[in-house]
Amino acid sequence: MPNPFDRLIEACHHDWRAYIEHEFVRRLGDGSLPEASFRHYLEQDYLFLGHFARAWALALYKSRDFDELRGAFDRLKTIVDLELGLHLDYCAQWGIDVATLDALPETRATLAYTRYVLDAGARGDLLELRVALAPCLVGYARIGKWLASRAETRLEGNPYAAWIEMYTDDAYLSAASEEEAWLDQALAEQPAKRIAELEVVFRDATRLEIDFWQMGLERHA
Amino acid sequence: MPNPFDRLIEACHHDWRAYIEHEFVRRLGDGSLPEASFRHYLEQDYLFLGHFARAWALALYKSRDFDELRGAFDRLKTIVDLELGLHLDYCAQWGIDVATLDALPETRATLAYTRYVLDAGARGDLLELRVALAPCLVGYARIGKWLASRAETRLEGNPYAAWIEMYTDDAYLSAASEEEAWLDQALAEQPAKRIAELEVVFRDATRLEIDFWQMGLERHA
Amino acid sequence: MPNPFDRLIEACHHDWRAYIEHEFVRRLGDGSLPEASFRHYLEQDYLFLGHFARAWALALYKSRDFDELRGAFDRLKTIVDLELGLHLDYCAQWGIDVATLDALPETRATLAYTRYVLDAGARGDLLELRVALAPCLVGYARIGKWLASRAETRLEGNPYAAWIEMYTDDAYLSAASEEEAWLDQALAEQPAKRIAELEVVFRDATRLEIDFWQMGLERHA
Amino acid sequence: MPNPFDRLIEACHHDWRAYIEHEFVRRLGDGSLPEASFRHYLEQDYLFLGHFARAWALALYKSRDFDELRGAFDRLKTIVDLELGLHLDYCAQWGIDVATLDALPETRATLAYTRYVLDAGARGDLLELRVALAPCLVGYARIGKWLASRAETRLEGNPYAAWIEMYTDDAYLSAASEEEAWLDQALAEQPAKRIAELEVVFRDATRLEIDFWQMGLERHA
C-alpha cells in the first residue's frame, strides 16, 4: 500500500509523469537543451525563489507552535541564506547579473504557479500550503533521481551538469525526504473529504510546474 | 454522548459558565444594569460588528466551493444588511448617533476579542475561524435561552427588554442552530489532535467574551 | 492631462489594447466566434466568478471603516446575489447545467488570473487589490464601449447579443464608472514609487486577462 | 521639526509616556519589582516572541522585492536564531524550563497585543505592520535609554540587571535605530490621511504594550 504522499501522486499520475519526465528535463539530462531555454528558465527561477521564500514565510506565519515555527524557519533560511546565493552565483556563471534579474518582468508561467501556491496557503491551512509546495520541493528530488536512473543522462560535457548535481546532491535529497515524511504523517490523519481537496491542490500545482518547464522550452513570456 | 460542539463547551466548562451567566447578563435580565454600562457596551458592540463583518468576509475568502461561499455570504448579509441597521436604530433610541459611534476609539476588550478571532481565521482554516466565532454567534443564543429560563429575568419595565427579545427571537435562534449544526458536522470529522487545538481556540475566544462583558460592567477603556 | 486611472492604462498601452480589442472580443461582436469557444469561456467564467467573490470578500476584510466595508459589500452582493444567478441562467440557455459547472477543473488561465489578483490583495492593501481587479470590472465596460463603437459589431442574429448587452448596459457601466472614480481619487494621493508598483500590478493583471480570452479562443485547459 | 516617527509618538504622547515610564519598568530599573511579576512577564514574553516571529514572517510574505525580503528575513533570523535562545537561557536561569513555557496558556494581554499586531499586518500593508511592531522593537530601545538616564536605576545587586543590559546593548540599539530610520523614510512619503490611520495603529499598539506591563505587575491571566 503506497504512502499517503505517493497516493497524491497516483491521483494525478499522468500529470505527474508529464512533469517529472518533461522534455525540458530530458534535454537538461542529455545536454541538448538550447542555452536560451536554460537561461530563460534560470531567470524566471530567480523570481520564483522570491515567491517561494514568501510561501515559506507564510508557512511560518501559519505555525501553531515553536516546532512548526522552527521547521518553517529552517526551510526559509535555506532558501534565503543558501539557495538564493547559489542561484545568483550560478546565474553569474551564465553571464546573468543581479541587476538584470531584478529588472525582469515575470512570465505568465511564473505568475501562475507562484500565486497559486500562495493562495492555496492563504486560503487553507499549513498542510494545504505544503501540499502545494511539494511538486517543487519533493518533485525536484524525484526529477534528480529519475535523471540519475536514465542511460541518456550524462554529466561529462553537459553544460547543465551543475544543475543536475544540485538536485541529486545528498543534502537536497535529504531535505526533500524530510518534507515527504512530514507530509506522510500529516496526510495520514486526514479524513477522505480533505484528501480529495488536497489531491486537487497537488494536481493543479503539478500542472503549473509543467507549464514552467514548457515556458523554458518555448522561451515565451 | 454530547455533540462535538458541546464537547468544546465541556472542555472549558468553567469559562463558558462565567461567560453565559456573567453579572452583566444577569443584570441585563433583571433590569438592574446601570445605563452607562449598557451604553458603553452598545457603543463597543458597534465597533465589534465591523470586525465581525470582516471575519465573515474572511470566511467567504476562505471558501472552497460555492456552497461554502453562499453560506458565508448569507451570514455576512445578515450582519451588514440587517444587524448593522438594527444596531444603529437601537443606538439611536438610546441617544447615540452614528457620528459619535464612528469617532469612538476601540477599548482593549474590543481590540482583544476581535483581533483574536481574525487571527485565528487568517492563521487557520474555515473551521478554526467558525470555532472562534461560535462563542458570539452560538453563545448569544445560549445566553438568550438561559435568560428565558431564569425566574429573575423580566421584560416588563426592563429598559433592556428589546435586547433580550433580539436574542430570544426565533430568527436568531434558528441562525445559531444552523451554525451549531454546521460545526457539529465539521468537528465530527476531525482527528483528536485537531480537536485539542480547536478547544484552545474556543476557550480563548470565550475568555475574551467574558472580558467584553466585564468591560461593559466596569466601563473601562 | 489624463486621470490617474487612465495613466495606469497608458503605462501598459500595448497590453491594454491587446486585451480590449482581442480577437475573442471582435468575434463576439460580429458573431463569428465558434460556439465551443464561447462555451469554454462561459464555463471558466463561472469558476472565475467564485474567485472574484473571494477577492471582494478580501476587500471587505481589508476595510478600515464602515464606508469602505459597505462599498466592498455592495460589490460582493452584486456578484453573489445578481451576477452569479444571471451567469447560471445564461449558462442554462447554452445547455450547461450547474452540476457540470461545479465539476469542472480550472484551466491554467483561470488559475493564473484569479490567484494573481488574490495574492495582490493579500500582499498589498485595499488599493492594490482594486487595481488588480480593475482590468476586469472597469475593463469589461471599456470592452462594451469599444464594441458599441465598431461598425462590425451587430446584435441582430448574433448568438452572443445577450453577452454584449450585459456589458453595454447602463447598470454595468455605472458600476464601472463608480469604481473608476474611486480609483482616480485613491491613486491621486499616492507617491510616485507607489504608482510605479501599481502599474506593474495593473499591467500583469491585464496580461492575464489577455490569456483568459486566448484560452477561450483556443479552448485549451 | 520632529522626524516622522517622533510625530507618531507625539500624537499619543500621554500613552507613550505611560508605556515607557510604566511602574513595571521603574521597578525593573531600581530592582524593586517582585520576582513573581518578573517571572510572569518572562513567561508571557516567550509566547509573545512566537507571535513576534509570525509577524516578521508576515512582513516577509508582504515583501515586494528582494531588498524588503532580506530586511524582513534579517529581523526574523535575529528572533528565531538569537533572541529565542537568549530568552530560553534567561528563563532557565530563573528556573523556568522550556516544557513549562510550552504548556502555558496565553494571558489576555498577550492575546490582545500579539493579535492586534498580526491583524494590522494582515489587513494593511508592510508599513502598517511595521508601525504596529514599532512600540515593541523601537520602544524597548527607548525604555533602555530612559532607564539609563535615571538616577534611580542601578545594575549592581539588581536581579534584573541582565534584562536592562540587553536593551541598552549597542547591538539592540543599533537594530532599533535601523528600524526607526526605515520608518522615517517610509512615513515621509505618506499622505496626511494615511498618517492619521497609522497614528491610530501606533497608539493602539502602545496601549496594548501598557497592558502587557500591567499584566506583569498584577500577575493576572
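By letter and in written order, the chains are A, B, C and D; residue numbering begins at 1 in each of them.
Everything below uses one rule, namely that a residue touches a chain if its C-beta (ideal position, glycine included) is under 8 Å from a C-beta of that chain, and two chains touch if they have at least 3 such contacts.
The chain lineup, named per UniProt: A, B, C, D = Aminopyrimidine aminohydrolase.
Computed from a predicted model, the values in this text were never measured in an experiment.
Rotation relating chain B to chain D, from a C-alpha superposition: 180°, rounded in steps of 5.
Of all residue numbers seen at the chain C-chain D contact, over half occur in both copies; the interface is built from largely matching residues.
With every chain reduced to the mean of its CA atoms, the largest distance from chain A is reached by B.
Mean C-alpha position of chain A lies 31 Å from that of chain C. Note: centroid distance chain C to chain D, computed from Cα atoms, is 43 Å. Centroid to centroid, with C-alpha atoms defining each point, chain B and chain C lie 36 Å apart. The multi-chain contact residues of chain D, meaning those touching 2 or more other chains, are 54, 61, 123.
Contact residues of chain B toward chain C in the complex are 50, 53-54, 57-58, 60-61, 63, 65-66, 69-70, 72-73, 76-77, 80-81, 84, 102.
Partner chain C is touched in their complex by these residues of chain D: 61-62, 64, 123-125, 128, 189-191, 193-194, 197. Those residues of chain D that touch chain B in the shared complex are 54, 105-106, 108, 111-112, 114-116, 118-119, 122-123, 200, 204, 207-208, 211.
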